[in-house]
Each structure stands twice: as C-alpha cells, then as structure tokens.
Amino acid sequence: MAALSDFINLYLLPGLVVGCIYALGAIGISLLFGILRFAHFAHGDMMTLGAYLAIIFTASLGWSPYAALPIAVVGTAIVALALDRAFYKPFRRSAGIVTVIASFGVMLMLRSAIQLIWGVDVKTYDIGIRFPMEFGMLKIAPRQVTIVLVTAALVVALHLFLSRTRLGKAMRAVSDDPDLARVSGINVEQVVRWTWIIGAGLAAAGGVFIGIQTKVHPNMGWDLLLPLFAAAVLGGIGRPYGAVAGGLAIGLCQELATYPWFSDQPFVAPGYKPAVAFSVMVIMLIWRPTGLFRGRVF
Amino acid sequence: MDIFSAGFLNYLIALGTMSGIYAVLCLGLNLQWGFAGLFNAGIAAFFAIGAYAAAILTTPESPNHLGGFGLPVVAAWPVAMLLSGALAWAIGRICLKVQGDYLAMATIGIAEVIRLVIKNEEWLTAGTRGISNIARPFEALPTPWNALAFLGLVAALVAGIYWAAERAWASPWGRALRAIRDSDVAAAAIGKDVTQFRLEAFVLGAMVMALAGALSAHYFKFLGTTATEPMMVTFLVWVMLIVGGSGNNRGAILGAALIWVIWSATELLTNRLPGEWITRTSYIRVLLIGLLLQIVLQRFGKGLLPERPPRMIDDRPKSG
Amino acid sequence: MSLLQIQKLVAGYGAVDILNGVDIAVEPGKISVIVGPNGAGKSTAMKALFGLAQVREGRVLFQGDDVTRLPADKLVARGIAYVPQERNVFRSLSVRENLEMGAFLKPGDIARRIEAVLALFPPLREKLKQAAGELSGGQRQMVAMGRALMLEPRLLMLDEPTAGLSPLYMDQIFDRIVAINQSGVGVLLVEQNAKQALAIGHLGYVLATGRNRFTDSAANLLANREVAESFLGG
C-alpha cells in the first residue's frame, strides 16, 4: 500500500495541482486564439506578472497571497489591456502571424521589465509551514485543496459567463465568425477587451498559484509556454473548456511520467517534464490537429 | 580611445565576425520567414544542433562529453547541417500541413527539448560545464591575422549564402514560395504542392542556421548552454530580420550587422556604469530592443530594405 | 426621400474593382431587387456597405444621411440589417442565442422580439435550444433572417436568401420576405431566382459587369423582352 499512497501523494495530487495551473493559463491562450486568431506568446509572462504583482503585497504588507490574488488579477488585466492597445490593436486587420511576432516582442519586454523591477532572484510568498492534512494514507496540503477548489470555481464562473451573459455569448459568437459578429452589430472591440480581461486575469491567478505551490522567478513564463501551448492544442485551440481538460491532462502526464512505472527509476527523468508536454503536442498534431474536443461547441 | 590601438582593432574584428555569424542566421531565417512566411520560434534549436555537432565532431577525446571523432572542420560542418536539416524535416512534416501558429508553437517546443537534452545529457554535451578546446580555423596564424582570417572565412560564407539566396529568390522555386506565402489557397489552386515547397524552405533555412551554430562554436572555442538561450539566439535574430527587411537578403545582412553593433556598443557603454547598474541596464537594453521591434513592425513594417521583386523582372524595358 | 440611396459606387476586393459606378435605391417600405448574371457584382454593394468589400468611390445615403464607410455596428444601430449569403448563422450557438446576438445593441425586451420572430418563422420554435449549425439550409436561413430582424430594422438587406434551397423552402422564404415587407420594413434583395424575386419586388435593378444595365419598376422589367431573354432565362 505504501506504493499506492506514494503514487497518489507524490504524483497524482501534484499533477492535479499543476494541471489546474496550466488550465488557468491555457484558457486564456485558447480564448485569445478564438477571438483574435493568434497564438499569444506572452501569455506565460502574464502569469509571471500576476505572481510578481502579488509579491508586492505579500512582501511589503505581509498579506496572505490569497488576499493579494484579486489585486494581482485586476492589475494583470489592466496591463494586458494596455499592452493590447499599444502592441496588438494596430495589427487587428493584418495576418495573425504578424501579431505573433509582436507578442514575441511583448514577451521579452514583459520579462525584462519584471527583471528590472524585481531582480532575477527566486522569490517565495512567505506562507509559513502548514502541515498536510492526513486522510488515511492521503496527505493533502491545504494549499493543494485551495488551488483545486479556486480553479474549479473560476472554471464554473467562466462557464456561467460564456453561457448565460450577453457578453459571454457575444464572445462565443465572435469566436465562431468574426465577420458575421461585426455585421450583426456586436461590438467586437468590447468583446476583445473582455477576452483580455478574462484571459489575463485567469493567467494571473495561475501565476499566483505557482508562487503558492512553489516559487516565483522571472523566467517561469518561458518555462510555462510549452505546456500551455500543448494544453491548448490538446483541448482544440479556440475552445476554453478543451483548454481546461488539456491543462489537467498535461499536468497529470508531466507528473505521472516521472513515476517509476517499469523499474525503480523514474520512467521519465524529472528534468524532461517539459518534453512530455512537447510529446503530447506532437502526437496531437500528427493524430488529430483539431484537438480532442473538435466536435464540442464552446 | 586610440582608434589605431590593437585593442580597438580586435574589437572591430570581433564585431565583424559576430555580425557575420548573425548574418548567416538571419539569411537562414529569411529563407523560412521572408521567402515562405514560416514562423520559426525555435531558431536556437537549429543553431545549437549545428554548434554541438561541430564541437563534438572536431574536438579531441574528452572524459566530459562525447567526442574523439577528430573530424576536420570542413567535414564536420556538412554533418552539422544535415542533422539540423533532418530535425527540421521531421518537425516540418508534422506541422506544415496545418496552420502557421502550430509551427510557431512546435518550434518553441523543439527548442525547449533541445535545451533540456543539452543541459541534462552530460555524456553527450558536458551539460552546463560546456565543451572547451574547440579548434578554430587559422588559429595557428600570428595575431591579428588569425582573427582576420576567420573573419574572412565568415565573410566569404555570408557572401556565398547571399549569392545562393539571391539566385533562389529569382528562381521559379522562389517565385512559387512567394506565391504560397501570399496565398496558399491560390498557389494550391495553380497546382503547387504547398507543403513540399514549405518543407524545402524550412529545411534549407534550418541548415543555414546550423552553419551559423558551427561557426559560433569554432569562433568562441567553447560551447555551453548559452547557445540555446532564446533571447540571444532566437529573439535577436528576429529583430534583426524585421528591422533589416524580411524578404530581402541584403536587408537580412544589414539588420544583423546594425542590431549587433547597437547591441554590443550599448553593452560597451553600460559596462562603464557602476556595478549594480550593469545588470539593471542589461534588462533595459532587452526592453528597448523589444520596443524597437514593435516600432519597426508598426511604423516600418517592411524594414530598412523592403522586399523587392527579383531583378529579372526589374530589368525588363518599361513600356509607356 | 429614399430609405437607401447608393450613388456611383465603385467597390471591390484587394486591387480589383467589381462595381464601376452603380446606383441603387430602396424606397421606404418597398422591396428593391438586384438581379444579374454571375460575377455581375450583385452582392458587392451590400458587402461594401458593411466593410466586407472596399469602397473606392461614391457614397451611400440612409434616410438622407451619409453612411459611407461607417463601422458595421453604427449601421446596425441606425436600422440597417444584413444577412450574408454564406456563413450567416453562428453555428456553435443555439438558435435562441443567435437571435439574442441580433439584439446585442438593444438588450432590453428580448423576449417580445424573439416571440415576434417565432411568429414569423414558426418552425424555429422547437429548435430554440439546438445549435444553429445542425439545422437544415432553409431553417438556417430563417435563423439568419430572424437574427437580422431582432433589432426591428428599417431596411433588411438579403444576399441570395434562397440559394441552395429546395423549391418548397424557396417559396416559404419569398413568402416571409413579403410578410416582413408588409410590416413596413424596406428590403434590398439580391437574387439568382430573378423571376420570383422581381415578382415580389417594387423596383428592379439589372446589373452586368459591375454597371447598371436596366433600372425600372420590377413589373416593367419582368415584361421587358430584352431583359427576359438576356437575364431571366427566356
């Protein structure tokens, strides 16, 4: 039984938590792709930005990161709106790939700005040590429960937004057919603004969760980019629910791949976790480039 | 500063050599982006493969990494280029049939995986310790002739690739690629195998990038994990090509030289600042280079030397 | 004053001009019909008005105001509704959501307007929760027209609403266009089925190679032998 409890406590649960974090980032990539038709390369750095904005309050005011989270979300959304206005809006009518280059530039600018303001050292939120709760053989850290529950709540909120509100439905309409949305009188720019607010806000929440779970450093956005893209491709890019499933799947795959499945050595060396995400992405591109959920509506 | 001093001459030679290596990278990227409209976000992967292949194949046996093949430099380069081309072929086969954004995402992925392999597989690459004692052509010559000769070699390669790329640009192959780049639907309609043409451009570009990697390994005589640094390899090359003018081979060379001179001259200046400011200003430089890219993209989308139709068409007598 | 006046419109896609100075008008509460051979540029005027083709010269007046090059949402707000020929429903949205999207600019009182649309297109009532992409061509056309009517427009522009439909649906759609018109909505109709379209229309325009060939009352055009022989298939 020891093996099973290790499997759950050291691989399955962390995989779920990482999966939640990936899901929060991948939703934004998928939504933005659906609305603006480009792969947003700076999205990982939006997560970094959220994590660092929270540090302002945890470090100087001694706040709990959970209390700083809403402010980080709002702050990141505002920065995203400003970046869109300055660097993406001029290319609305150009080919999507030019916007990808612009986002490539924004990625570097965001990262160097973060390095300039906060330095390059690894930082942590000072949460103090909390002992894991034990349920029989399960050892669950309170932060793991919080991350999973808050992610679930955010996904439910996103679902209600997309299925019940006028703006959410308009967002799906623009993603479905931007030209028809425009001639129907839908204010596409308003939809774009809300896409940034939601995408960047969820990314910031994911970034803060990374800080709560482990640590924060300026390059983490780059490390996140590959799993986020893999999650978005897996879920069928442009489909936010698919991105949630894709995020969870990539997170679980990465962690479970390091389990000693066939010998007493990790099946995949922990240093190669991002390669697992890449393999999943490549397999999807070969087998089913439209993603697992191509048939679903979003 | 005495402009006739040996130090300044060495600096100029170094500046020229690095500009040349970046020009090779830029010409490679121009084959992919300028000719064919393919977004490669993993230039570092192909650069690193070229660099490590050249280093491993030419260095003497070492306990730190795979080696002892003792190949002459000229024999190692084609192998390095072939390896990179093979990787590009594999990734291109998978991604080029689908939309452009997938290639962008997959190339980020391949660059990450290559970076992990180089970092983790110490038996192969010596990991973070890096490979040292890489031979540099002409290093037996007296200073400064050794450096000058290497600069000459780099310049000759830039000229050769430029010549070949110009020929390609004017050829039916180049015309077909531009047609595909501008409208793949229209090109497919007139019977062009869109995927095949794109694959050829992608593989050729990757091979040129590998040559740049090999040159850089020999130039520095040392190769470490910085060769896979996305900032210095992938991002800077994109800025160079966009600023110089994508779709224009001269623009690629001009952009490489210009951005490299700006990059290293500002480093020279900021290094005179007090200690803590040196690190700070290095981030400001990245920030400003990013801003420069945005300004060029928005205001001068075609770059300093915009794309032109090949000379063949220009030289026709104008009627009317 | 005409409801819509298109004056000397030159428009096209990219570098190619499709329309070379075309005049078209719709009178309040009347139906204008544009017919003509394939490639004559029948749809281009509508597309140009909504920014899907580029206007090079000429202008468009709506109720006397210059609306040339206004953004689409401004046109819709003034009371111009447009149903493109293809891709005219949000496929992944339900029928009800499609109708709601038509009312994006005026969100209040949606239920009453949906009822009005359902009264006009009864078959949609039981499909309200179904994704519009799953409907048949005729039903999709109804959703598209219903979506356009949600803002209670003054002018409805329909681009080949019967293209690809079975004769049964075709008659239904023409019948509904008449019903919509009788409620006081001006209609600009582009049609391949020229005879049927002119039969319900008031003013008729025959376009050929991007220019006005014939302009007359729809009844006169139907009676005109030259028009009949060259453009109405004998």
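In order of appearance the chains are A, B and C, and numbering begins at 1 in each one.
The working rule: contacts are C-beta pairs under 8 Å (C-beta built on N, C-alpha and C of every residue); 3 or more make two chains touch, one makes a residue touch a chain.
Since this is a predicted model, take the numbers as computed values, not measurements.
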item: Excluding chain B, groups that stay connected where the other chains sit; value: one piece
item: Per Cα centroids, the chain farthest from chain A; value: C
item: Distance-to-centre winner among chains (Cα means, whole assembly as reference); value: A
item: Mean-CA-position distance for chain B and chain A (Å); value: 31
item: Between chain C and chain A, distance of the C-alpha-averaged centres to the nearest whole Å; value: 43
item: Whole-Å separation of chain centres (CA-atom averages), chain B against chain C; value: 54
item: Contacting residues of chain C [partner chain A, same complex]; value: 50-52, 72-73, 76-77, 82, 84, 87-93, 97, 100-102, 104-105, 107, 131, 147-148, 151
item: Sites on chain B touched by chain A in the complex; value: 37, 39, 41, 94-95, 97-98, 100-102, 104-106, 108-110, 112-113, 116, 119-120, 230-231, 235, 238-239, 242, 279-280, 283-284, 286-287, 289-291, 293-294, 297-298, 301
item: Chain C partner contacts - residues on chain A that touch it in the complex; value: 166, 169-170, 172-173, 176-177, 179-187, 297-298
item: Contact footprint of chain B on chain A as seen in their complex; value: 33, 38-39, 41, 86-87, 90-91, 96-98, 100-102, 104-106, 108-109, 111-113, 115-116, 120, 222, 225-226, 229-230, 233, 237, 269, 271-272, 274-275, 277-278, 281-282, 285-286, 289
